[in-house]
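One chain, chain A, links the two complexes that follow: it is found with chain B in the first and with chain C in the second.
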Partner chain A sequence: YEHRFSPYDFNGGTTIAISGPDFAIVAADTRLSSGYEILSRDVSKLHEVTSKCVLGSAGCKTDVDQLRSVLDIKGKVYQHNHRKPMSTPSVAQMLSNTLYQRRMFPYYAFNVMGGVDEEGKGAVYSYDAVGSFERTPYSATGSGQAYMIPLLDNVIGHKNRLDEKKELGVEELVEIVKDGFVTAGERDIYTGDSVEIKVITKDGIQTQRFNLKAD
Partner chain B sequence: MSILEYNGAAMIAMAGKNCVGIAADRRLGMQAQTVSTNFQKVFPMGDKLYVGLAGLASDVQTLHQLLEYRLSLYELNEERKMSPQVFSTLLSNVLYSKRFGPYFIEPIVAGLDKDNKPVLSGSDLIGASVSTDDFVVSGTCTGNLFGMCETLYKPDMDPDQLFETLAQALLASVDRDALSGWGGVVHIITPTGVMTKELKGRQD
Partner chain C sequence: MSEVTASIDSKEASNTGGFNFDNVHRNRMIENLAKESNSVLPQATKTGTTIVGIVYKDGVVLGADTRATNGTEVAEKNCEKIHYLAPNMYCCGAGTAADTEMTTKMISSQLELLRMNTHSPSRVVTACTLLKRKLFQYQGQISAALVLGGCDVNGAHVYQIYPHGSTGKLPYTTMGSGSLAAMSVFEQGWREDMPENEALELVRRSILAGVFNDLGSGSNCDTCVIRMDGTVSYNRGDVTPNPVQPLRDAIRHSSKLSISAGTTAVLSTKNQRFAVTLADVDVVEA
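This part shows the complex of A and B:
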């Protein structure tokens, strides 16, 4: 029978965010796909909303792009009216409101937001496609989400472990992020090529890249 | 609603140095309702051969009985023990024989062959099997299980390391799946015997 036109396409990819005492890490792979085809090996899924806040989005690229534009515009209007950039918790709430406005024809975007809050502490927020959100210590979203989240529960959440919990520093957490992406890249066809990692502190955002298998 | 997801299951089999381990959860549910918290899904088929049956619970029990029957018949006729590779092929053939009305089971097989080398295999519900040298997974949270195993696995682990790896991989995976969990059981098969341990995890 006839295939109805779908306004959505799934362009794949995985995003992850982890918070620390005074930093946040947001990372995503750079592959753009459609069906079984790879459209590009180098497209960013991360967007710096403010100098203290990064949004990672996987899903339908066109909806992701439009969502970013809308957030940028709203952010500029806020800055114009309040004479200061939006704080991370405010951006988090704004994203939720923006997503819910499209409740009956949603943005097909799976979001994680990472940044530092007003007190300088790391903050991570996870969302669903229609704006339900929660502040969490860590989160992963996208096609490789299932491969990564139990690992984060075990290593960062220290769940089901009997040994003593030690506080993990930035470098150690970045290594865990890289391990997670290597794993997701192995088992998820939509994840691969390379990983873009952004570390956010009160002093700004540092970006690094890491190569994955291109198969 | 998928028939393979009606009862819930999670299982892993993994290879170490001259040893294999097989682990599974203990939950039996009927969709959202939990009915039993000590349901057996991993069965010994020989002193160095274990099979894990994930899927519809009725078929788990029926297939276990059928496999015991076929194994006994083989051993009586052939007057020798069945090797893990032969068992795996037998399982594949039994599943394919019901190609157009299948058993709703996705099994995994773990054993040591006559030279005490690890043998691992997994199959889909109609008998398409794969043989690996690292790990195989099955159940309602295979994404979670693959992610954990891929990250935690390293080759040539000794029995104690293998136990820890299996336990952590299983527990972390089932805690993100509503249909599996309520404890676990791990069997480590070595040339000298089988070590079995119960896991206590989140009881939800």
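This part shows the complex of A and C:
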């Protein structure tokens, strides 16, 4: 049959975000792929929208790049009009509106947003491709989503467990994130190379890296 | 004088000869049933794969990666893609895992019967012909792309066999989704009459090119050396450049995450007693 031109390409990757009482963690692998090929082993999927808010996006790289530019511009306009940077819940709403504006020709971007809200509490928002969003304690999206979410559900959401729920600190959660990516990297061909992890607190954003398998 | 009987697959080929379309009606019915009940037919596991074969001074070297994929998921991290055909012949397989496995088993069995009938070792061209005839009969429906290599009375040979039944006899060849990555290494490094250590190194480098640059290939490199003097070295896990344990060890697991008894809900318990007799067990190589 005839092959129609498809405007979308899936460039792979997995992103996750976890919120805590006064912090949020957003992490993503750095592999960019197309079909069976690797285009780059070191491309960031994380974008700092404000100093208190990070957007992680997997999907079609060109749509992701465009979406970031659009958010940056809208964020700057807001800052000029209101004389302050956008708060995290406001950025979350703005992203939803931006995605829904393209309801009939969507941004092929699977988003997850993490940051601290006006009270200093950690916030995570998860999205679908056309802007439906929800504030959640944790979220994962992208090609390795199916391997991450059950792990997060059990360890962080404490689902299907009868033992006592324990409070996990920032360092412990970062180690769980690394473990999750090693697992996703084992079974998802699009996840690998390395993980970029950003920890957001009211004092700013810290970035760290962790190497994964390159096969 | 022993007779070579041609009735090896008399059960499959119908007496009218030519193509056998008995299953077309059945397959259509199965597809319709699946559509009606809105269920999905099971997807065949494909192997992604990088497989290679080269002829060197004293024989052939075959190589393969060890990743089997189901779409974009890794179904098996350490599967065996170099299949036994005869004492002097092995075959690497790419494509649908079940197809490569069963096709090579069938031809291996046919070769053994033929050896019994002819009282002589199998020839590589015989295996090639048996494989291509089966694959052509099924018009490409058997998704098996093979690199066949071995040594016989006529020398050392490497063949490439495609799912539709075409073959090529070459000094070096690669197949699978990682074949381009592997072939780029071969084109740069292959020479005629290479010594064994260099031939092995070339095969290893080409498989690793596939493992790291092709997403359908991964994990380890298996190699198999088949020599003209009749010896074979099957090196399972010849190169293992992707261990996951170092990554896991680099993660500092919190003691809070240790799982104690009682974490998982116990719905019911049943205890059963078994009478056990101690005996001496001989371990047999698989």
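The criterion applied here is as follows: the second predicted complex is superposed on the first by the 215 of 215 C-alpha atoms of A that agree within 3 Å, B and C clash if a C-alpha of one lies under 4 Å from a C-alpha of the other, contacts with A are read in each partner's own complex, and residues count from 1 in each chain.
Here is the rule we use: a contact is a pair of C-beta atoms (placed from the backbone, for glycine too) under 8 Å apart; a residue touches a chain by one contact, two chains touch by 3 or more.
Predicted, not measured: the structure shown is a model, and the values here were computed from it.
Q: Once chain A of both complexes is superposed, is A:184 in touch with chain B (first), chain C (second), both, or neither?
A: Touch partner of A:184: chain B, not chain C.
Q: What is the contact status of A:39 with respect to chain B (first) and chain C (second): first, second, both, or neither?
A: Neither partner.
Q: Applying the document's definition of touch, where does A:213 land relative to chain B and chain C: first, second, both, or neither?
A: Second partner only, chain C.
Q: After superposing on the shared chain, does chain C or chain B touch more chain A residues?
A: Higher number of touched chain A residues: C.
Q: May I ask you to decide whether A:73 touches chain B, chain C, both, or neither, giving the answer as first, second, both or neither?
A: Touch status of A:73: no partner.
Q: Is A:163 touching the first partner chain B, the second partner chain C, both, or neither of them?
A: It touches chain C, and chain B stays clear.
Q: Please indicate which partner A:153 is in contact with in the superposed arrangement: first for chain B, second for chain C, both, or neither.
A: first
Q: Please report the chain A residues shared by its interface with chain B and its interface with chain C.
A: On chain A, the overlap between the chain B and chain C contacts is residues 160-161, 179, 182, 186-187.
Q: Any idea which chain C residues touch chain A in the complex?
A: 48, 67, 69, 72-74, 77, 177, 211-219, 241-242, 244, 247-248, 250-254, 256-257, 259-260, 262-265
Q: Quick check on the complex: what are the chain B residues that touch chain A?
A: Chain B reaches chain A through residues 141, 143-144, 146-148, 150-151, 167-168, 171-173, 175-176, 201-202.
Q: Tell me, which parts of chain A touch chain B in their complex?
A: 144-151, 153-154, 159-161, 179-180, 182-184, 186-187
Q: Which stretch or stretches of chain A touch chain C in the complex?
A: Within the complex, chain A contacts chain C at residues 33, 35-38, 143, 155, 160-163, 166, 168, 172, 175-176, 178-179, 182, 186-190, 210-215.
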